[in-house]
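Same chain, two partners: subunit A is paired with subunit B first, then with subunit C.
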Partner chain A sequence: MIRIILRQFTVLALTLFVLTVLAFSLAFWFPGNAITNASGVLVTDIHYQAVATARAFDKNIISQYLAYMAHFFAFDWGVSLQDGASVWQEFKLRFPATLELSLLAMALALLLGPPLGILAAMHHNKPIDQIITFFSLSGYSIPVFWMAQLSILIFAVALGWVPIAGQVNPLFDIPLVSGSILVDIWLAEQPYRGIALLNALQHMILPVIVLATVPLVLLIRLTRNACVDVLRLNFVKGAYARGLSTPEVLFKHVIPNTMQEVTLHISTAFSLLITNTLIIEMIFSWPGLGRWLVRSIYERDYPVIQGVLLLLASLILLVNVATTIFHAWRFPRVRRELNAT
Partner chain B sequence: MHKQFNKVLKTIVGGLLATSLIACSPALPPNSSGVLYCSEGNPESFNPQMVTSATTLDMTSLQLYDTLIEYNEQQQEFRPALATEWKVTSDGRVYTFSLRENVQFHQTPYFSPTRSFTADDVIFSFQRWLDPEHPYHFVSGGHYPFFRATKLDQLIQRISAPTPYTVRIELREPDSSFMSTLSSSFAVILSAEYGQQLLLAHEPHRIDQQPIGTGPFKFRDFRQDVSVNYLRHDTYWRGPAASESLVFRITPSDHKRMLMLLTGDCDISPYPPARDIAWLKQRDDVNVQQSLSPNTAFWAFNTERPPFNQPLVRQALAHAINREALIRSVYYDHAVIAESILPDTSWAHVALPEAYSYDPVKARNLLTAAGFPNGFSMDIWALPVQRSYNPSARMMAEKMQADLAFVGIRANIVSYEWRSFRRRLAQGEHDSVLIGWSADHSDPDNFFRPLLTCAAKRSVNNRALWCHEGFDQLVTAAIRTTEISERQRLYRAAQQLLAEEVPVLPLAHSIRYQVSRKNVQGILPPTFGGIRLHPVYIDRSEPGPVTSTVTENTGGVP
Partner chain C sequence: MQPNDLYYEERNPSPLQQAWLDFYAKPLARASLYTLCFLLFIALFGSWLAPFGANEQFSELLSLPPAWSNHGDLRFLLGTDSLGRDMLSRILHGARFTFGLPLLMVCMAALLGISAGVMVAMNVGVASSAVKHLLGVLFSIPSLLLALIIIAVIGPGLPNAALAIGLVFVPQFLLTTRNAIVEELGKDYVIASQLNGVSSRYLFVAVILPNIVKPLVTQFTLAFSAAILDIAALGFLGLGAQAPVPEWGAMLALSVEFAYNTPWVMALPGLALFITLISVNVMGETLRSTLQARMEH
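Here is the complex of A and B:
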C-alpha cells in the first residue's frame, strides 16, 4: 500500500511540476510584457522595477521559475489587469463558492447514481431498467447549458418555485467571510439564519441538480453496465446456490464488485463536473471562479487566467490521485494488480 | 440486509421530498423593506465627478449624493436642493448660492461626521476638479470628463465662501448653460471633513471607493460582479427613504435581467430587450415605464468633401431617407422621429418636418439641380457599437442603402472596430456617418455648441466638419443671455438654419425603458439625471397584482 501511495505521490509531484512550468511559461507565451503578464503590474507603474527584481527577471530562467514558485506559495499571485485587485484575495472568496456548488453536485450524483444503476441492472431489460436507461441517455445527450435554460424556464419563470441568480437574496445581508454561502450563513450572527439558509438552499437547488446531471448519468450507466457484468459471473450463481437471499448476494458480493469498477471513474466524473461548473456559474450568476475566469479571458487578464487555470488543473489532479489511492486501499484486488506491475 | 437497502431508498426519497418542499415557497427576510435593482454593469467609481457612463450615474449620484440645485423636467425649471436660493448679478458673471442648514452627512462604520454640511464642502468638491493643486485633484486618475467636456473648469474663475452658508461662484464670461451644468448629476457635493480625515490616514483613494455624501442612501459594501449594497440614511434632509436598503444586482445581460424580474430576483430592471417590450407591456405582473431620453441619432455628412459640400445634395439626401421605416425596423417603434437635432423635450425645440420629409421625387429633382441626374456613389459609416440612441447602426445603414438606391445613389457601408472607427472619423476620412449624441444636462446648448460649431470642428466632435459663421453667432449669442424668450428666438433661427443647410440629418430620439414588478411603489420613469430611488418601496402586503402604480412623473419627492 505504501508503495502505491509513494508512487502516486511521485506521479502527482511530477505532474504538478510540469503544470507549474506550463503556467509559468504562459506569461511568456501571452502577447505583451512577461513581467506584466505574470504580475499585473504595468510598465508605467512606479513599482515595476521592484516587481521585476522580486521576480528575478534580471537573472536566468531557472531563478525566474523559482521566484515564480516562491510568489505562488506566498499567495502573491499578482494583481488583476482589469481592476488592480489582488488575484489571491479575489480567488480566496470565489473558490469556496465554486467548490460548494461542485461538491454538493458531486454528492448528489454519488448518492443517486450507483443505487439507480444497480436498480437498473437488477431489472435488466425490464421496464424499470428501460426507464432509467432512457433518462440517463437523455441526460447524457442534452447539453448542460441547454438543460440549465430549460430548467430556468420551467421551474423559475413558469412555476415560480426558485430564484435564478446568485447565492442568496441580497436583502439578507449575509457578511462575506469565506465565499461559501452555507458557511457564511452559519458564521453570520443574524436572527434570521434559518430563513436565510432556506433561501440559500432555494438558490442552490437548480444549479446543483443541473450540475449533478452529467456525473449522475455517467455513474448510472457505468454502474449499470458493471453490475450487469458482475451478475453474469459464476460466483453470483454460486452465492444463490448456497442459499443466500437476494439482498445478501447484493450487499456482500455484487455491490462491492461493481463499485470496484465504478470508483475509478469518479475522478472522470469530477473533471467533467468542474468544466460544467464554469458554465453553470455563468448561467446562474453564481459568484465563483467561472464568471471571473470567462471575463478575464475576454479582457485578456493574464495574471487571473494563469492563477485560476493552475489551481483548477491541480484540483482535478488531486482528486484523480485521491481516487486512485482510495481505489487501491478499498479494493485489495486492485492493490495486488498495481503491486504486480 | 433488505432493510438496509430500504433505508437507503427511504433516505433518498425523503431527501428529494424535502428539497421539493424547500422549493415551493419563497423564503424572504421577515420585515425586510429593501429594493432590488438589477443594474447593467459594475460602477466604475463611487464618485460621479469622475465618470461618464449612465450606468455608474444611476447607481451613485442620486442615491448617495446631492447637488446644489436640481432640474425639474416637468416644470422645466431649476429647484433648490443643497442650495436654497441663488442670485445672479446683472452681468451674469457672479452667482451667489445660499446653502441649506442642518444637512447631515452619512454616518458609517468608516466615517462619523462631527459637523453638518457647510460651504467648505462645496468649495472642497468644486476645487477637486477645478484646481490642479488640490490634494485630491489627481486621486483616482484625475480625470473629470464631464467638467472638461462642458468646459465648466474653464468657465469658473473663482469660487469662495463669504459666510459658512454662502457660496459665490465667479465666471469668466456669462453663460446661460451654467445652471444646467450645476444641476447635472455629475456636480455632486462630497464631504470635506471626510477628505481631511483620509488625507491624515494617507488613504485618499478611499474617498471614491467608500463614499460619503448627503444623499438618501449610504454605502455599505460593493462586491464586483455581484452587488452594490446601500442602507437608508436616516437623517436625510428630505426625510428618510421609503426603503431600508437598496441593492444593485449586477447583471450585464438584458435577457437575464428580464428573467430575474419575472422570477422576483429583482424588483426594477432598466433597459429590457427591445424585442420583448411589447410582450412585457401585456403582462399584468410588471409595469413598463418609459421616458424619452434627450438623445438624437443623426446622419452627418462630411461637408468638406464634394459632393457633400453642396447644401442641395445634402437636402436631397435628407429627402431620400424614409425615417418612419427606420423607427419601425431598427428601433422596434421604441423611438420617435427627430424633427430637429434638439429633442422635442427641450423648451427650445422647433419641429421642422418639411425640411426632412421623405420625398424621393423631390430628392431626385434636387440631385438633378445639383448636377447629379444619375446620382453618385458614397460611403455610409455605421457605428460598430450599440448606443442608447441607436441599437443597430449597421441595420440602419442597410435600410438606408435601399432608400438611396431608389433615388440613384449607390451607398457602400463601412465599419471599423470602435477605437479605429473613432480615430479615422476624427481624421475626417468619412463621406457620411451614422452616429448620435446623448445630452449631459438639460440646457439646449448641449446639442449645438459641442456638436456643430467651428470650435467643435477643431475639437473633432463636429462629425459634419461644418463651420458656419452665422450659426456660430446665433448659438454664442444664445448662451450670453439668460432671457428665455430671447434664447428661444435665437435657437429657432439656429434650427431653421440647420434645416436649410442640413449638415446633419436628425433621425430619431430613442425611448428609454424600465420595467418594475407590480408591487413596486413610488417609482418614476428614468430621467437623464439618473433614476431616483428615494421614494421607491415594495408593497409586500398585497401578494396579488396591484392595479395602479405611479407611471406619470409627478416630479416631487415625499
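Here is the complex of A and C:
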C-alpha cells in the first residue's frame, strides 16, 4: 500500500511539474509581452522594471521558471489586465463558489447513480432497465447548455418555481466573506438568515441538478454494465446455492464487486463535471471559476487564464490521484495489478 | 447460400455483414444509422437544399412561428428568428459546421494519432515510456478544457476552435492505439507469427490490426461525439463560431435573450444537436457490442 501511495505521489509530482512548466510557458505563447502576460503589469507601468527583475527576466529561462514558482507559492499571481485586481484575491472568492456547486452536484450524482444502475442491472432487459437505459442514453446525449436553457425556460420562466439565475437575492445583502454562498449566509449576522438560506437553496436547485446530470448518467451506465457482468459470475450463483437471500447476495457480494469497477471512474465523472461547470456558470450567472475563465478568454486577460487553467487542471489531477489511492486502499485485489505496471 | 445444403454448416458472416445484421436487428440502431447518413448528406449538400441563404433577412417577417402554428407562413417551415432569418435554412447550413467539421477533424486526428501510436508501439523503448507518462497527463484533462487552452493561445474563432479540437484528440488516439498494440504484442499468436519470421509491417497489418479494431472504433465514436459536443459548446460560449455563422451552438447562444418569446429559435438547433448526438452514441454502442460479440465468438 505504501509503495502504491509513493508511486502515485511521484506521478502526481511529475505531472504537476509538467503542468507548471506548461502554465509558465503559456506566458510566452500568448501574444504580446511575456512579462505583462505573466504579471499583468504593463510596459508603461513604473513598476515594470522591478517586476521584470523580480521575475528574473534578465536571467536564463530556468531562473525565470524558479521565479515563477516562487511567485506562485507566495500567492503573488499577478494582477488582472482588465481591472487590476489581484488574481489570488479574486480566486479566493470564486473558487469556493465553484467548489460548492460541483461538490453538491457530485454528491447528488453519487447518491443516485450507483443505486439506479444496480436497479437496472437487477432487472436486466426488463422494462425498468429499458426505461433507465433510455434516460441515461438521452441524458448522455443532451447538450448540457441546451438542457440548462430548457430547464430555465420551463421551471423558472414558465412555472416560476425557482429563480432564473444568480446565487441569492441581492436584497439580502450578504457580505462576501468566503465566496461560498451557504457559508457566507451562515457567517452573516442577520435576522433573516433562515429565509436567505432558503432563497440561496432555491437558486441552487436548478444548476446543481443540470450539472449533476452528466456524471449521473455516466455512473448509471458504468454501474449497470459492471453489475451485469458481476451477476454473471459463478460466485453469485454459489451464494444463491448456499441459500442466501437476494438482499444478502446483493449487499455482501454483488455491490462491493460492482463498486470496485465503478470507483475507478469517479475521477472521469468529476473531470466531466468540471468542464460542465464552465458552461453552467455562464448560463446561471454563477460567480465561479468557470465564468471567470471564459470571460478572461474573451477579454484576453492572460494572468487570469494562466492561473485558472493551472488550478482547474491540478484539481482534476488531484481528484484523479485521490481516486486511484482510494481504489487501491479499499480494494486490495487491484494493488497487485498496480504494482505490476 | 444454396437452399439444399446437405450438411449443416456454420456460417460466419464477415465483419461488415455482421455489423449490418446487428444494425438490421435493432430498430433504434437502424434509425440512428439512417439519421447519420441523412446528416452526412445534409452536411455535404445542405447549402444547396436550403430554400434561403443562411444570413438572408426578411425584415417584414421577424420572429415568425413555425408553419404549423396559426401565425406561421408555409414559406418558412420552421419559422424565422429575431432577425428574420429562416430557421430551416440556418439549420441546414449549420450541419456543415456542427456535424461535418467535427467529423473531418476527428478523422484527421485519428489518422495522425493512430499512425503515431503505431510507430510508438512497434518501436518499444525508452521513448515509448516517456511518451506514455507525458500523455497520461494530457489524457486526464478533459478535451474541452484542453481546447480552451489552445484557444486562449491562438484566439477565438471557428477555424481556431476546429484546429483546437482536432489537436486535442490526437494524443487520445495515440494513447489508445499504443496501449492496444502493446497489450496484443504479449499474446501468444503474435509471438508465434514473430517466430515465423514475418516482417514488422506484415505483423502489424495482417496480425495485430484486425484484433485492435474494437478499441479504435470505440475511441473513434467517443471522440466524434465529444468533438460535436465540444464544437457546439465552444460556439455557445462565443469562443468558437462567431455570431452570423449558423453553427448550432452559436445559434443557441443567440437565442438566450429571445427564448421566452420565441421558444422555437432555442428548441430547434438544440433538438438537431440532441438527435445528432444520440445517433452517434447509439451507433457507437451498437458497433461496440457487435465487435465485442465477434471477439468472444
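We take it that the second predicted complex is superposed on the first by the 339 of 341 C-alpha atoms of A that agree within 3 Å, B and C clash if a C-alpha of one lies under 4 Å from a C-alpha of the other, contacts with A are read in each partner's own complex, and residues count from 1 in each chain.
Convention: a residue touches a chain if its C-beta (ideal position, glycine included) is under 8 Å from a C-beta of that chain, and two chains touch if they have at least 3 such contacts.
Since we're looking at a predicted model, the values are computed, not measured.
Peer 1: Which of the two partners, first being subunit B and second being subunit C, lies in contact with A:Leu250: first, second, both, or neither?
Peer 2: Only subunit B; A:Leu250 stays clear of subunit C.
Peer 1: Quick check on the superposed pair: does A:Val157 touch subunit B, subunit C, both, or neither? Answer first, second, both or neither.
Peer 2: both
Peer 1: Examine A:Ile279 and indicate which partner it touches, taking first as subunit B and second as subunit C; both and neither are also allowed.
Peer 2: Second partner only, subunit C.
Peer 1: Looking at A:Leu309 after the superposition, I want to know if it touches subunit B, subunit C, both of them or none. Which is it: first, second, both, neither?
Peer 2: After superposing on A, A:Leu309 lies in contact with subunit C but is clear of subunit B.
Peer 1: So, does A:Leu201 touch the first partner subunit B, the second partner subunit C, both, or neither?
Peer 2: first
Peer 1: A:Leu42 contacts which: subunit B (first), subunit C (second), both, neither?
Peer 2: A:Leu42: touches no partner chain.
Peer 1: Considering only the touch criterion stated at the top, classify A:Ser138 as touching first (subunit B), second (subunit C), both, or neither.
Peer 2: A:Ser138 contacts subunit C only, not subunit B.
Peer 1: Output check: A:Leu110 vs subunit B and subunit C. Expected answer is one of first, second, both, neither. What do you get?
Peer 2: neither
Peer 1: Under the stated touch criterion, which partner chain does A:Leu171 make contact with: subunit B (first), subunit C (second), both, or neither?
Peer 2: Touch partner of A:Leu171: subunit B, not subunit C.
Peer 1: Identify the residues of subunit A that lie in both the subunit B contact region and the subunit C contact region.
Peer 2: 152, 157
Peer 1: Residues of subunit A touching subunit C in their complex?
Peer 2: 11, 14-15, 18-19, 26, 29-31, 137-138, 140-146, 149-150, 152-153, 157, 267, 271-272, 274-275, 278-279, 282-283, 293-294, 297-298, 300, 302, 305, 309, 312-313, 316-317, 320
Peer 1: Applying the document's contact rule, which stretches of subunit C touch subunit A when the two form their complex?
Peer 2: It comes out as residues 133-134, 136-137, 140-145, 148-149, 151-153, 155-156, 225, 229, 232-233, 236-239, 249, 252, 255-256, 259-260, 263, 266-267, 270, 273-274, 277-278, 280-282, 285.
Peer 1: So in the complex, which bits of subunit B are touching subunit A?
Peer 2: 1-2, 4-5, 8-9, 12, 15, 19, 22-24, 26-30, 32, 34, 36, 220-221, 223-227, 229, 245, 247, 249, 251, 256, 259-260, 262-265
Peer 1: Within their complex, state which residues of subunit A touch subunit B.
Peer 2: Its residues touching subunit B are 83, 85, 90, 111-112, 115, 152, 155-157, 160-166, 169-173, 176, 192, 195-196, 198-199, 201-202, 205, 245-248, 250-251, 285, 287, 291-292, 295.
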